Amino acid sequence: MALSTLKDGQSEDAVAESSAGSAASGRATRRRRRWNRLTIILFLLPALVLFTLLVLVPILIALYASFFRWGGFGLPSDFVGLDNFTRLFQDEVFLGDLWRGLVLILLSIGIQLPFALSIAVLLNQRLRGRAFYRLLFFAPYVLSEVITGVLFTMIFSPDEGLANHLLEMVGLGHLNPTWFADESLVLFTLFLVMTWKYFGFHMILYLAGLQSIPKEVLEAASIDGAGSWQRFRHVTLPLLGPTIRISIFLSVIGAIQLFDLVWVITQGGPVHASETMSITLFQFGFKRYQVGYASAISVVMFVISFVFAIFYQRYVMRRDTEGAVTAMRGLR
Amino acid sequence: MTTHTAHRKRPRRPAAVFRSLSTHALIWVIGAFIVVPLLYGLISGFKTTSDLSTNPIGLPEDWVTGNYTELLQSGPFWRQIFNSTFIALATAFITVGVAALAAFVFARFAFRGREAMFTLFTIGLMFPFAVAILPLFVMLRSFGLLDNPLGVILPQAAFGLPITIIILRGFFRTIPGELEEAATIDGCTAFGFFWRVLLPMARPALATVSVLAIVTSWNNFFLPLLVFTDQQWLTIPVGIQQFKGQYSQDTARILAYVVLAMAPALAFYSVAERHLIGGLTTGATKG
Amino acid sequence: MGPEPFSRRTFLSAAGLAGLSVPLLAACGGDDSGDSGGSAETVTIEWWNIATTEPGKTLWPKLAKEYEAANPNVKIKFVATENDAYKAKMTAQTASGKLPDIFHTWGGGVLKQQIDAGLVKDLTKDVAPWLGTLLPISLEAYKFDGKTYAVPFDIGMVGFWYNKALFTKAKIDKPPATWAELIEDVKKLKAAGITPMALAGKEKWPGHYYWAYLAMRIGGLPALQQAATSNDFTGPGFVEAGRRLKELADLDPFQRGFLNASYPSSDGQAAQMGNGKTAMELMGQWAPSVQSDAGKGLGDDLGFFPFPTVDGGQGAATEVFGGGSGHALSKDAPKAAVDFLKWFASIDVDRRLVESKGYQPVVKGAESALTDPNLKIVNQTLGSATGFQLFLDQAFPPAVGQEVNDSVAALIAGKSTPEQVTQKITQTAKSQ
């Protein structure tokens, strides 16, 4: 498909946008066009080859496999149509994944992002050590999920961990929670770790957005007698709109794809209480050897992300689409 | 307080002082939230495991440096650091090189199917790595790329393309068309313009995407785990997992490893921070 | 090997074909008909194992070196991978259609899948001459349709390991022989303020031991084997096993936070036992060595008793549940790999494994190397066993095995009923 579009482009006589205005003889233009065509092909080729071979083909294989009952060995032969998908939507664990995904998304939007935003606002003031704080708050983002996971597993260990000792110090020792081992608490503890690791990233996005708001606008509002909250509510927030929408978008996609952190800390337990779609996928693909079924999960994950992205871009982001996907990969 | 502010031209009102103090207090609380886990790891690495289990909060009874020094003297640790670094740099180099060429075409040429193809790349973003891993593994084996750094570098580059192309295209578009005209009149070919004019101008954006690619590669766990069997190619995250399995009972030693593994990432980050943040800023607000 | 200067040349050589692994690849490529000509050509065999913990961590690489020294034309590429990572890697390897020359296996369903995919060497002929030197029970897990696919190096059983001092403190004078007594003892321990049992809830497999043993004691071994072939686990014995387990779980016998506890970490199941914090654990023959690795170890305070019988149940106390480990070969492993397995299963090597206290003897006569009284008891119980059942999560196909682990874990956590457990396992088994 990709290659055929390229051919179309060729017959179209590719024209460099900039050369349209230049006054050149017909011969020169034709030569230029030929050059442009060559440039397009040569420049796109490496990306297309790499992307097709290592991203698209595996994805298509996964799509194909999702229609088979397949253990992952040899070629898939036991065609089952949509069976894997119907089974998936009766699978309590998977339905639970969807629910837990939603909870994480709501927590992120309701707590993590406002938290990041308030800090960004604080750090946007003239403040001694601002650069240092910015450096500090963003630091967890560059640490790997495995490192973060190992560290926090130890911090939240029920008996020897730091967290419970801190609780004891502030007189809450009687609570003595078991954190990751408590089904009703595990998702929130995990969210706490996610916040630790990822809020800095959103904070940076907001800081960037805040710094692009012209000072004159805020000064004008303040001359008009607006208090600081009103200035924030009626000037800053609306102007920050595009950034906030991007940050929500990234946060949602990140929550849908969450894997490494959960894998290292709880492997989805106790009793699926922290399981995400990626974890279920991994359980089936790597532990149960039900690769067909696992592929169906991957297809559903993709469809969910994709549909969300389309709707979000169409109805929420509208104009400010371009930057939307900035740094998404980093959010996994 | 008054004596302190007295010599300023505009003495601050008490309310303002209070506000600034409470701001600082708040930031310190949040800073503690970030720092305490890191400090806990750092200090725990200086304890013995039995000291750690009875006394997780305080300073070590005796400062044991063995956990750190033994690691710093161990060949595998440095080997892993080197592998992670090499793979991250190579990944960034390929990702950014390949993506820049494509982004240039997407940004500066008009041809039929351009948007469709661009969309195809953006769709790649919606596909998590975990999903493609089994088919990908089978393909890497048939290309003979197992136990070969390229087996990690190339897929990482491929999965990094979408985001890099998107950011770079956005940036390339902001460069005025007149520049290209001028370059063309001076006899520059398309490649000449790309190489001599566009890339130097795009340095901040290139730095950003490079840093992103490096961070993603540095943290990748699953692909290196599957691709590398030979111990000599292990990367840091896989090494930690391995180490944790080996010394599962020796918590303090694991924490020492975790801390040492963090150090290069944090050091790199403190150097690259300006670029990363600067670039995300432009990327995020261009719309 | 320290970091090298990052030059264009090193990059190119690494990018071309990992400079460092070229000799190895070349060796792999060379055909192993080594006896042509005077100087034998070197054969490299790749040996994947999970010896990342003591005693294997030190002993095994040493053994590999010794073998290389004795067989100069053989080079062993020793690859030790941590247990969980090993399983993930093996799945990927299996999917890609090529396994390492020699690889660790627990036998049962996973090995069966690899055999069905045509990736495992049939060893029947190769091992026939010396198979008689091995304990028959140790070979069970690797036999399919009368053919042998792996050579064991460890075999054992699951039973209760208990802390004698804590039992005495709770005024329990002898280990329980029936389930009812066990329940009573758990109550006594709790009353004395002692955590009765340690369990690694995060890893699920330790939990399935309880259910499997109960099913064996209540419904009997034949019923379990029958269910495995008919894929029907809804029989009364299985439901009753779930009820009895629930009865135990309702007493809240496990350590705090057991649901996210791992087996070997410093606050995990083995450490709980090893540091004398809990009174017992249901675990395999490796328990003592992990206890003293993860914790301090109990020394003489450690005791062993077989899983109790259940009143009115069909099963006998002499029927054991357990498993072991072995090595299988890839379809086209060189002949040298077979020779290596033969050597590894020789009485001399087996005695050294046994002496390291991490393994139970698989070679007849090696049991005299056992010094630890508890390990001797395990060995004797195993030797006089009247029936044997392999770990369910190994014996069954992977999907069924994982479902057993998952649903029993849910039962222990109070999130599932005994009936739901049997239904879920049956459903998964039938969909295979």
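Every chain is named by a letter (A, B and C) in the order it is written, and numbering of its residues begins at 1.
Everything below uses one rule, namely that a residue touches a chain if its C-beta (ideal position, glycine included) is under 8 Å from a C-beta of that chain, and two chains touch if they have at least 3 such contacts.
Bear in mind the structure is a predicted one, so any value in this text is a computation, not a measurement.
The greatest centre-to-centre distance from chain B, using averaged C-alpha positions, is reached by C. Which two chains touch most often is answered by the contact tally, and the pair is A-B. Each chain gets a centre from the mean of its Cα atoms; for chain A and chain C, those two points are 39 Å apart. Centre-to-centre separation of chain A and chain B, using mean CA positions: 15 Å.
Counting only residues that touch two or more partner chains, chain B has 53, 133-134, 241, 244, 251. Of all residues in chain C, those touching 2 or more other chains are 88, 92, 95, 97, 266-267, listed in ascending order.
In chain A, the positions touching at least two other chains are 72, 159-160, 285, 291. Within the complex formed with chain A, the residues of chain C that make contact are 87-88, 91-92, 94-95, 97, 110, 113, 116-117, 119, 201-202, 204, 256-261, 266-267, 397-399, 402-403, 409-410, 413, 415-416. Those residues of chain C that touch chain B in the shared complex are 1-4, 6, 11, 14-15, 17-18, 20-21, 24, 46, 48, 52-53, 57, 77, 79, 81-85, 88-89, 92, 95-98, 100, 262, 264-268, 271, 293-295.
Chain B contributes residues 49, 53, 75, 78-79, 81-82, 85-86, 89-90, 133-134, 137-138, 141-142, 147-150, 225-226, 229-233, 238, 241-242, 244-246, 248-251 to its touches with chain C in the complex. Within the complex formed with chain A, the residues of chain B that make contact are 20, 23-24, 26-27, 30-31, 33-38, 40-41, 44, 52-53, 56-57, 97-99, 101-102, 104-105, 108-114, 116-117, 120-136, 139, 154-155, 157-163, 165-167, 170, 177, 180-181, 184-185, 189-191, 194, 212, 215-216, 218-219, 221-222, 236-237, 240-241, 244, 251, 254-255, 258, 261-262, 265-266, 268-270, 273, 277, 280-287.
Chain A contributes residues 71-74, 157-160, 178-183, 186, 266-267, 269-272, 283, 285-291 to its touches with chain C in the complex.
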